[in-house]
Every structure is written in C-alpha cells, then in structure tokens.
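Note that chain A is present in both complexes that follow, paired respectively with chain B and with chain C.
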Partner chain A sequence: MASASVIGFSSPAVARRIAPWRYLQGGLKGSEYNWAIAFLVPYVAVFLTFVVYPAFYGLWMGSDPSLYTELFSDPIYQSTVVNTLLFIGIAVNLKMFCALLMSGFFMRRGWWVKALLMIYVLPWAVPALPTFISIHWMLNGEWGLLNNAIYQIFNVDGPSWLNSRWFALGSAIYSHIWKWMPFWTVILLAGRMAIPQELYDAAKVDGASGWRQFVHINFPLLANLYLICTLLSTIFTLGDFNSVFFISGGGPANSTHVLATLGIRDAFDLAKPRLGVAAVMSALPLMIPVVIVLMRKLRTAEVQL
Partner chain B sequence: MAFGVLVVVWTLLPLYNMVMVALESHGDVFTDAIWPPHPSFASFWIVVTEGYWYLEFFWHQFGNSLYVGAAVTILTLLIGSLASFSIGRMRIRYGWLVSNAALLTYVIPASFLAIPFYRIMQNYGLANNLWSVIFAEVTFATPYGIFIFSQYGRSIPIELDESARIDGASPIQIYFHIYLPMMAPALVAVGTYALLLAWNEYLYQFLLLSSKRSMTVPVALAQFLNSDEAPWNYMMATAIVYALPPLAIYYAFRGRMTAGLTMGGVKG
Partner chain C sequence: MNTLGRRSVLRASLGLATGAALARPYIANAAAKTATVWWVQGFAQEEDVAFRQLVAEYEKASANTIDYSVVPYAPLRQKIVSAITSGSVPDLIPSTPAEAYVLFAWDDKLVDVSDVVATQKHEYSETALLSASCYNRIEKTRSYYGIPFTSASLPNHIWRPLVEKAGFKMEDIPKTWDAYYDFFKDVQKKLRAQGERKVYGLGLQVTTNGNDPNNVFNYFLIAYGGVGIVTKDGRLHLDDPQVRDAAIKAMTYPTTAYKDGFVPPGAVNWNDADDNNAFHARQIVMDLDGTISTEVAIIKDREDYDNIVTMGLPLSNDGKPVPAQVANGIAMIPKGAKNPDVAKDFLKYLIQPQVSNDYLKAGLGRNIPAMPSIAKNDPWWSADPHRKAYVEQGLLGPTVPEFFVYNPAYAQARNEHVWSVGWNDIMQGGMTPQAAAEKAFKRVEEIFAKYPIVQS
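Presenting the complex of A and B:
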C-alpha cells in the first residue's frame, strides 16, 4: 500500500488479515465473569444515565398531542420543514458526490497532489466554530471579503448574502459542505485505496478504459460504502446545528431555520421546551427508517471485516 | 493544475478571511479591502494579554476548554476500552446488546437530545458545571471508541490472552499488560477523535455553561456576536489561537485518525 502514504494512514483494520473471532477456551470462569461485568458497568451506566434517561424524558416532554397542533399551525415551522428537506437533500447529495469525485482525484500520484490533500483537509481539522464565524463575516453584504472581492474584480455590488431567505439558506448549505466534504473525501479515498491494484491491472490488460473501469470496478466496490456514508451523513446533517446557527442564525425573520435550530429556539428563546422537543420529534418519521437501515448496514459491515 | 488552484481557493477562502481580519485594525475591518492594508499582530497581543473587556477571562476559559478536552479524552478511552475488552475479548454474554446500544447512540444526532439533557442536568444539580459538558461529550464520543476498539481488537490474537490466563493472570492484568499495549494505535486514534470532538462541540457547552468563569472559549467567542459592535479583528484573533492546538494535534496524529475512520464499510 505505497499509495496509502498520501494521507499516511497505517490502516491496520484494512490491511492486516483478521483472525476469526472466537471464544476464550472453556468460557469465562466465576471470578472472570464478575470482572467482565465490572468492565461493562461504566459504559452501561453512561448509556442509561445520559442516553436512555434523556431520550425517555424527551419522549415524555413531547407526548402531548396538543403540542403538535400548535407546532404544525406555526408558519415558521412549516418553512422550517421545507428548509430542512432542502438542506438535507442538497447538502448531503452535493457533498457526497463531490467527495466521490475528489477522492478519485486524490488517487493520483505526485508530490503536489499530496501537498494539495494536506491543504484540502484543513476545514475538517480547524474547529467548526471559528470558521463559521469567519464565514459569517465573510458573507457580510457591506464589508465582507466576498463582496469586496466581487467589487474589485467585476466592479459590481454583490448581493447581501444573509438578508434573503434563499441566499441565506444557500450560504448555510455552502458552509456545511465546505466543513464536511474533506471528511467524507478521506473516507471514500480510504475505500478506493482498499481496492486491490491487480483489479485495475487486469482491467487494463482487457483494454478497459477509465469509464468502464469505474462502472465495473470502482462502482460495485464503492457502492456499499457510498450508501453507508450517505445515510450516516443524512443523520449527521439532520442534527447539524452549527452551520445554520452561525451563518444565518435562522434569519432573516426566522425564515432559514432547520429543525435542529428551531428546537433550540423554541425551547430557550421562547422558553417553550416542550414545543422544542416536539419540533425535534417531528423528524422521527424521517430518522427512524434511516437509523434502522444504517444499523443493519453497519452491523453486517462489522461482521465482514 | 487549474483545478488544483480552484481547490486551494475554495478551501482557503474562509481561513484567509480569518487571518486577514485578525491582522487588521478595527477601522480597517470596515473597508472594502481584500488584504490587510496595515497588517499587525496587535489583535493577537490584545487576546493573549486579555486586553479587552470581552476577553477578561480568556486564559481561564482556555483552561476550561483544555480541562474539558482532557477529561473527555481520558474518560472516553477508559470507558470505551474497558467495555470493548469485556465484549470483544472476554465475550461476555449479551455483549452484543451493549455494542448495539453504542451503535444506536452513534447514529442519533447529539443536538436532538440537547433539550431533555439540559433539563436533566438541572435536576442533577450540574448546571453551569464543566462536568455536565464532560458527561455529554463522553456520551457521544464513547460509542465511536467502542466501534473502533472492537474492530481493531480482532486483529490481536486471542491466544495472547489465553496463554496469560493459563499462567494465572487475572482479567485486569490481561487488560493492562496485554490489551492496552497492543491497542496503542487504536487508543491514539480514538483519543484524538475525542479531543477534537470536545474542541469542536458548541451546542452543549453553550446550553450548559452560562457564567463567564465556567465558559469555554467557543461559548465566549460566540458571545461576541451578540454585542452591538462586534470587534471582528479580536474575534478572529481569538479564533486562530483557539484553532491552533487541534491543528497541531491533527497533523501530528493524522495517520492514526483516518485509519479508524475508514470503518467497516471499506471492505464492501
């Protein structure tokens, strides 16, 4: 795996042959069994105290049906649902597709490709909040860098990015893609690198061109990984609070909220925590199927490895 | 090559903006300049000497961030490795239930649990306490740790455990003398992940920490935004100082990080 050094991962889980899992000989003996339970106790305690309890507390908070009548009749909520669907639909697919293309690009050899990759992963390595605040100011209509640059180059005034619903939502989507595309590129790149070189060599002998290589080698081998990544990214994007909160702040006039920010706004700005929980819970019909498919996929992937 | 230039511009634009504004004086920020007319490090000096009223507790808050980051890292490694040792090496009965619980936690967005979590922390009397944030972040970092540890653990021969057992080693001895040393690369990967998660996280820190002395840097930084005339040059200088530690750690451990992140799906 010489080319793996591009991002230098020693990828033991991929490269090494993995022995089949088996039980200790003779199973656990009395005192060992107690140890095994003791080792598990801290995590189970964390899970029960900080996942199960809040989850049920949330279900209880959002269990009153009248909350949902109040919620669904709120015009801000209605536009929020549209925003959330647009945000997920555009951000996830655009990001994953670009990441797929970029991962293909970074398979090339050469020092400048390696150097470029080091720069390319910066958005992921820099903490979210500082860069989002920077983007917020960069998009300022009057004094922001982007409009200054547009004025210097084209001698026209750029739009005030954060003052109209669609520009502001687009800016939030842009920030999300900017922040998270490198992460998924690296994952897909690792997936591409796990494909044995012999397959490409054989394809070359058979005279397969770049496109046919993609259809017959890359696509079948990457399809499962791409699907898992897309589903995982859908969930993560659904829960993305920062890109909307710091770029548009839900504004102008609460027109660019997504469910994650609307829940927090209802709970803390309007001091209606139950309504906030209801807003978040209304995402469950979308979330549960994705989680179920994802759980199955991740489990089988784990077994195959 | 043109494509490479495009990628660089796309990637660096917000970061360039951060550096540019940090190097400007307050007056220069509100001009149509696209590079700093009179670059100076004055803003950084203001930040490190806490010379502005919004920054009066900067180093204290930076210490809070470090404290949270270190505690989250240690607890995630400890809890995660103990659990995966019990599930993966000792093969405790019903261990699969716990790994499924961890997997489920991994695929729930943290922000969706924030409101009930806040209420519960009030009930526990941990409001405005760094430990409430530490618990929240450990909760969301550990599942990933268990996931990676169990995958990596399978590349370590179980015969090592068995021979130690025949020599009369107790499980805790096997954990310390065989499991942890063999797992070192995975521990580095998960540790880096946990630290970066703590450094990246905003929502829980914002909700759970309210007083100036208990705040972490991101919460204090976001407070600037609400002030009438945001001092953008100080904010950006603060942002850069805050971003440097994770950058250094990321580039130091970058190899090990991505190793874990490839996940099981790679094999298709």
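Presenting the complex of A and C:
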C-alpha cells in the first residue's frame, strides 16, 4: 500500500483526488503516521528548546535599538571591535596555517613522532582555566617565569608583557593559538590520512618533489577541509572568552577587550544582560557571511575531503 | 496490544496535563517550608563549614528546610544575573558582586525586607543601615532591600620583617596619610640598597581589573576630603571644588608613586589575586587590600601570620580620622521567590547577634559583623592582633558606606573602572592628573545622567 501511495503521489492526476491533509502526511497512513510523529517529537522538542528558543530569546534580548546607542557610546567599544578583528584575523589564520604545517610533520613515520603527537595535544587536552592563569603569572613583569629566565640568561629585565595593549593582546593571541592549534592539527592530520597513498606513489614515479606533491595533491584535496575548519574556527574564536579574560583580563585600562569579554562584562559586571547580548549581537555583520559561506561549503556537490 | 493512535496520544497528554494542574497546589504546599538558597563560597574552607553549620542549626530550630547551593564568587554572579533576568529565581541570594542588590533594587527586582531589618535595627551600625537602604526607581522611594550580615573594609597589611630589615621600627611609621605611604618608599630605597632587586614599597592596585582599584581610589578620595562626592540623596557633587580637588589628588598620589618606581610595574594589570600573591612572596612591603584574607590565607604558617602587621587607616593630612568605606555583605530576596517567608525567617535567624557572631567566628573572622555590640561584647574579636585592628577600623571606628548605595550610577562607574582608567591615562598615556580627572568626571557625569533620583 505504501508503495502504491508513493506511486500515486507521483502522478498529479491521482494527487488531485487525495485530500490535502493526506498529502501532507507523506503517504503514511493510520498508525504509521502516528508512530512517525511519536519518533519525531523528541527531536523537534530538543531542537525547539535548545536551538530555536535560545536563538530567538537572544535576538529578543538584543532587539531594543536603545541598547546599541548605549553600546556605541561606551568609550571602549571601538577599540574592542578593532581588537576582535585583530584577534580573529591573526589567531585563526596563524593557528590554521601552523596546524597545516604540523599535520604534515605528524604524517611522518616513526614511534617518536607518535609519542611527540601525544605530548603535542596536551595543551588542548588540559583544562583551559588553570593553564591560562598559569600563563598570566608566567608573564608577570616582575616575578614571572619568563622574565626571570630572561634575566638569568641575559642579565636584563624583560618587558612588562601585560602592561602594554599590544603585548597583552599578543599574549592572549599566543595563548589562544597554543591552546587550540593541536586540535586543528589533529583534524587536518585526519584529512591528510584520508588521501590515498597511491596518489603520492604516482607523483613520486613522475619525479614530483615534496613541494610539488603539496601543491598538486595536498593543497587541492585539503582546500575544502581547510576552509571549513577556518570558518568554524572563526566562529569559535569569536566566542573565545577565556584566552583574553584570563591572560590580560581586558587590561591594561580596558584596552584588550574583545566582544566576548565586553559582552560578559556588560552582562554580569554591569548587571545589564541585554547590553551584553547587544555587544555580542553587534558581531552579527561579521558572523552571518561566515555562516553563509560555511553552509554553502558544507553542501558543496564536489566532495573533496 | 493496543495500537498507539493519534487520539490515544492526545487523550494521554490531556490526562497528564490535567493531573499535573490539579496536583500542583498540593505539591506547592508540600514545599512551602523549604527555601532555596544560593550562597557564595568562602575564601577559607571554614566559611563554608560555618554556613553549613548555620543551616543545620536553623533547620533544627525551625523545622523548615534550607535547600542550599554554595557557589564560587564568579559563577554565582552569573547565576544571579541570569536568574533575575529570566525570572526563575531562588528564595535567597547574597549580593554578589557587592553592588548587585543596589542595581536590582533600582529596577524593582527585589522584595522589600524592612520587616526583617526591623527585628535588629537597634543593633546595626549606621553604616550597615545606610548600606541596606536602596532607591527603587519604579516606586520612586528608598527602602530596605538588603539584609546586612557582614562588614568588610581595607586595612593596611605590612611585612614587619621587611620594615625592620630596612632599619626601621613599626613605631617609626608616620600617622598622617601621605607621610604614612611615603614611609614605604624609604623602606624600598633601603631594601634596594641591600640588594633586594625586586621588592617594592607600595602595593597599590593601580589596575583596571576587579574591585580592588575602585576601593583604593575611594579610600584616597575620602582621605583627601572627597567623601561628599555622592550624598545620601543620590546626587553627584563633582561641581564641589573640594571634591574635585580630592579626586585630582587621588589621581595623583598612586600614579606618581607608580611612575617613581615604588609600585610594581605589573600592578597596572593585576587581577584581584595578584596583589595577594605579590605580598605573600614579599615582593611588596605593604598592601592596602580588603578584609584580612591576606592574613587568614596563611594562618597555618604561624610565623608568617605573626610577621604581618594589620593596621587601620592613617589620619588625613590635616590630622583628622579618615572614615573607612565599608562594603556590607548583603542578602537579598528576589521578586518571584516561591517561599519568601521562609527566606525571611532564615534571615531573621541569621542576624540575631549571637547566631551572627557564631557564624562569623567559625569563618575565622575574615568578615566582621555589621553590629558593633557583637565585637564589643565578645573578647574573641580583639584576641588576635589582625582581627582587633580590622574590627576597630571597619566597625568600631568611623565608617561610611559605599557610594553606590546612594546612587547605583556609581556602581556602573566602578564597573567601568572610570577612575582607574584615569590612572592609566596618567601612567601610560602621559596625561596630567588634571586632564585625566576631567575625562573621568565627564564619564561619571554621563553615567549619573542615566540614573535620575526623584527628590521628595
């Protein structure tokens, strides 16, 4: 019967004879339809509760135009936007490029490479907060590990890493890369491992050097994966609160805030959650194109890896 | 076996919904004697033990139940703001951060607890009562929206061995404000001459992170005569020449000390824990920092504990006592609480002097009472030199409340770190103190314009 219904729906003449509500049931009848609904309800409920509702609640919270007037009048908002762009632009690209290089290194054979990989992923595996707090103390200008080492070796005082905007922002970017590069290295390593060995063997027979193998095999086959990873990383990095908050604390003088930390400050320090949401929402002009490109890439017909 | 049909699903759903609706009043009645409480985790483990003990004793005495969660400071702040924003609130919460209750009272988000305050009103210090009184912009009036249960102020913490190593005695420390802090510059010079490469005289938190820099600025402002920057009617007085002069001086002293090399360079980006760490590492000779947590943190290391001297505030430059600005620990009941009566009953129990005293003593006295009689009547508070100095400064001596209790605008100025950004403008931006102060005045005035208070 089901197959007959499917055949029937494919014919416009038959479909016209069926009541519209039956048409919407997708050809299922009686208890089949009820079971389908019963199986679907939990997924729809979870989707509505944990995706649609929070998204619309956030949009509703940040919907008052006066919030943006208040946000833009904040003396540190402009520098925060600049910091966010720098943080994302430098951290994401440097991290992904280095991860690409490192994934090539970890393709090498040998037990010591595997052992090194285990050590290499440790920054990603360990909890973020204690490590960022440790880095914050290591960077202390007077009694931090780094400057003590510089003094011991060179007999000169190192700079106060967290006292200048650019050093402090650079430290936060460095910490972000240190924390997340291993993760993306492993992802790209998995991508490289999926490339058939025969392609390399054939290239070697043709006399291709390592560089040419990279240009003609790795790069084209990894390009899509690399782009998707970069877009995903952009989204994750935009929401990265920990790297900035625990390394520079947004200082000195609120000069290293990014939108994620400004949003938290406004929401919880100023007890203005709507303003905090507005701070994060102001990143939508950047986020929406990224998400659109990501979606288009994810449904691309030409699957590479 | 019955077939699951659309009608059977609808019938069952309707039955469940009806059953739940009918049973709801009875479920609510059964829980009427339980209050949900979120409490802030203590600095010392003993504080959490003290709270659990307090709850157990209350439950025994009242037959009510306190369903409590002890949450660390930062996550609790986020939970509180989220709960009050969403309307899904517990019955009782401490004001975390300190100024939260003023901001929520402003927006009419808290239950009026005047009836609870009334039970011990005669016991509270004047400062504690002022702290509990907040302006509600919807009701257009002030009332008690918080219950004070502790007090905290900023004592000076000094390493006696470093002072003595520099060739001084503690008795050599001058009594007036600028001379007092200048003394530690001399200590630093002497210690540096002895090869102490990394020791600094002054632990002034000239940072833009956390609460510490706001407190330090306010203390300097008050010492220089700027206590009237915000008055009880909630008005800002930056047009008062005395206040302006005091603010400029409060901009000048710490930044000059910094530029002259008497404050660690890294202090411009310290967080709340960094000054404590620097002090414990003996990298700074003194620290002007809130509570005696600095001492309590090392209470098990008796030698170091005894080597720290806790001192109250010096006199002003013209020889008058400087009132200590006190932040009271405040408990609040959010509107929408399911069992506010149980929460109020618990608070009435908590603020009984004997109960409050036992609770604070079990927490090692890091926080001091909000009621002077407690400290006067129990010798325990003066049996330890640190507690004695702290209580004399923050409870028995002259005190004033935080400026934000008069107008929540000051809470926003505080959280934007307007004054300490001004410090940074001087230290790193090359501004003059006057120019930095003018910039800060402008921002503070902008913020106050958003918090108008109707004068009756």
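To be clear about the criterion, the second predicted complex is superposed on the first by the 251 of 305 C-alpha atoms of A that agree within 3 Å, B and C clash if a C-alpha of one lies under 4 Å from a C-alpha of the other, contacts with A are read in each partner's own complex, and residues count from 1 in each chain.
Quick note on the criterion: contacts are C-beta pairs under 8 Å (C-beta built on N, C-alpha and C of every residue); 3 or more make two chains touch, one makes a residue touch a chain.
Values in this document were obtained by computation on a predicted structure and should not be read as measured data.
Using the contact criterion defined above for the overlaid structures, shared-chain residue A:130 touches chain B, although it does not reach chain C. By the touch criterion defined above, A:141 reaches chain C but does not reach chain B. Within the superposed three-chain model, A:250 lies in touch with chain C and out of touch with chain B [touch as defined at top].
When both complexes are overlaid on chain A, the residue A:285 reaches neither chain B nor chain C. By the touch criterion defined above, A:225 lies against chain B but remains apart from chain C after alignment on the C-alpha atoms of chain A. Contacts of A:110 after superposition: neither chain B nor chain C is touched.
Applying the stated contact rule after C-alpha superposition, one finds that A:267 touches each of chain B and chain C. In the superposed model, A:241 lies in contact with chain B only, and not with chain C. The wider contact with chain A, measured as residues touched, comes from B rather than the other of chain B and chain C.
Shared-chain residue A:75: touches chain C; no touch with chain B.
On chain A, the surface patch touched by chain B in one complex and by chain C in the other comprises residues 31, 33, 35, 37, 136-137, 142-143, 267-268, 273. Remark: chain C residues 3-6, 9, 77-78, 81-82, 85, 97, 100, 103-104, 198, 200, 207-210, 264-266, 268-269, 271, 274, 277-278, 281, 283, 412, 415-417, 420-421, 424-425, 428-429, 443, 446 touch chain A in the complex. Chain B makes touch with chain A in their complex at residues 3-4, 7-8, 10-18, 20-21, 29-34, 78-80, 82-83, 85-92, 95, 98, 100-105, 107-120, 135-136, 138-139, 142, 146-147, 150-152, 154-155, 157-158, 161-162, 165, 170-172, 175, 185, 196, 199-200, 202-203, 207, 218, 221-222, 225, 232, 235-236, 238-240, 242-243, 246-247, 250-251, 254-268. Touching chain C in their complex are the following residues of chain A: 30-31, 33-35, 37-38, 73-75, 136-137, 140-144, 160, 162-164, 168, 248-254, 265, 267-271, 273-274. If you check the complex, the residues on chain A that touch chain B are 7-14, 16, 18-19, 21-25, 28, 31-33, 35-37, 39-40, 42-44, 46-47, 49-51, 53-55, 57-58, 61, 102, 105, 112, 116, 118-123, 125-131, 133-138, 142-143, 145-146, 148-149, 151-152, 178, 182-183, 186-187, 190-191, 194, 220-225, 228-229, 232, 235-236, 238-242, 246, 260, 263-264, 267-268, 273, 276-277, 280, 283, 291, 294-295, 297-299, 301-302, 304-305.
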